[in-house]
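I'd like to ask some things about the structure below.
Residue numbering begins at 1 within each chain, and the chains themselves are lettered A, B, C and D in the order written.
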Amino acid sequence: METALANKIVGAMLEGDHFSKWLGIQPMLIEPGHCILKMTIREEMANGFGMAHGGITFSFADSALAFASNGHGRMSVALDCSISFPAAVKVGDVLTCEAKELSLTNKTGIYLIEVLNQNKEKVAFFKGTVYRTGKEWFPAQS
Amino acid sequence: METALANKIVGAMLEGDHFSKWLGIQPMLIEPGHCILKMTIREEMANGFGMAHGGITFSFADSALAFASNGHGRMSVALDCSISFPAAVKVGDVLTCEAKELSLTNKTGIYLIEVLNQNKEKVAFFKGTVYRTGKEWFPAQS
Amino acid sequence: METALANKIVGAMLEGDHFSKWLGIQPMLIEPGHCILKMTIREEMANGFGMAHGGITFSFADSALAFASNGHGRMSVALDCSISFPAAVKVGDVLTCEAKELSLTNKTGIYLIEVLNQNKEKVAFFKGTVYRTGKEWFPAQS
Amino acid sequence: METALANKIVGAMLEGDHFSKWLGIQPMLIEPGHCILKMTIREEMANGFGMAHGGITFSFADSALAFASNGHGRMSVALDCSISFPAAVKVGDVLTCEAKELSLTNKTGIYLIEVLNQNKEKVAFFKGTVYRTGKEWFPAQS
């Protein structure tokens, strides 16, 4: 039930999420507070070093933050995010990321998102805090 | 002299920086350790809320981090970045950001980047640390 | 008027702030959203390297965050903080820090706090986000 | 063998770590890249809200960062740390924290440290990056 709602919400989000579509983000698993995503690095995502722009990796993790946190039903927006880059990402790399919920209170949610390449090398660690608004994605009908 | 070198480096970086081009980032001012950039938010940069994806704003600031830090002459890569989002960014907004150097040592540089919209509202604060490699962009000929 | 209120609030906070007292934090300037603090590093604040423990420098900046943000009148608590350490702090160093407000909305405040030693060397940069509760420190009497 | 070295290093660190002693930090488990610590919140650690000062919780996690990263044998210092506070810590609380290594390269190590109270409630999440110097704690004799 809750997993169905989380998938319905992420479906609705992705519908209008032009940038996640441009990135080619594919949801592999969506659950409330948890998700796994996949994407492939294209030439147009490279920076001046011929590597993936740091913003690409951040964006991938930030979409995971949005999908995991909104999957609980309430509209949630990022307040603060921090990212560490232990290794470079190359054009052609296939990235996966997993968002795990570290904590959930009435007002905020905190998530850790690890980003790996196709060789299981860890390329980024992202910690994000969202503010949970009072608005429901799909208010219960009465 | 140093400003000329910083501009030459950022010119070379932008040449191959496909993603910054896709974003439409325009350098307004480039100096060693300092830069001002501009970009306009397009429909394809929107997320599932119809706002600019957080990754777009991050990417804009991250390019500023790269341009400001590399402008000193040595290739420099982001290690850790944190971003705070006090206000949403809308499609059509014209953003500017300014990267200021907080500190520069032999190994690292630390920068604060403020992102503003066309109404001078602050929409993001980015703090980033780069690792300064030993490689020069344009080694002096002898 | 507002500065008087900010000073009254910080006075009340410091009264019960045993740890800031242990640290020997002295307020040099208190205004709503802004403060300057001073403290001296003692032997008992050292870590296993004979330098100030990173937590000491963080605590100093975190007190500045609390004083600057609560000075507006509403009880405010830290949600997310990030700190960068460009240089070591030694026993005997006299630190000052200044908290500047980057943004203030109804729900959150964002602050940058720079920490300097007695030689004006920058030893830490702290960015912090507070959640502004609905509780007033000194509710207006009616 | 490696665990013995890690314990020897942390023993040497704690010897001179006056502040960790003041905090009453007790190592429960020390391994290279991993540790579990315990401490009790005392009155003198309280802030102006009668809760543990944010710097206390940060310091606890920062000691875990130092012990886990230095346990590999090379002197390592914190570059960047970020902390999120989902719940308040009270006087009398008994905290435990566990440092887990997210990644380790030649130059840097990245760690996640979760802090829990005696009821297993999560009270802080800390992500830290260390710079690994070339200096060994106990250089091998030849």
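What we mean here is this: a residue touches a chain if its C-beta (ideal position, glycine included) is under 8 Å from a C-beta of that chain, and two chains touch if they have at least 3 such contacts.
Please read all numbers here as calculations on a predicted model, not as lab measurements.
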| item | value |
| --- | --- |
| Neighbouring chains common to chain A and chain D, by label | B, C |
| Degree value of the rotation bringing chain A onto chain C, based on Cα positions, nearest 5 | 180 |
| Interface residue overlap between copies chain B and chain C, same or different (over half shared) | same |
| Between chain D and chain B, distance of the C-alpha-averaged centres to the nearest whole Å | 33 |
| Distance between chain centroids, defined by C-alpha means - chain B, chain C (Å) | 29 |
| Approximate Å spacing (C-alpha centroids) for the pair chain A, chain B | 22 |
| Sites on chain D at which at least two other chains make contact | 79-80, 82, 84, 108, 129 |
| Chain contact topology (line, ring, star, complete or other) | complete |
| Contact set on chain D toward chain A in their complex | 80, 82, 84, 86-87, 102-103, 105, 108, 110, 112, 114, 122, 125, 127, 129 |
| Complex contacts: residues of chain C adjacent to chain A | 79-80, 82, 107-108, 129, 131 |
| Complex interface listing, chain B residues touching chain A | 12-20, 22, 43-50, 53-56, 58-60, 62-63, 66, 70, 75, 77-85, 88 |
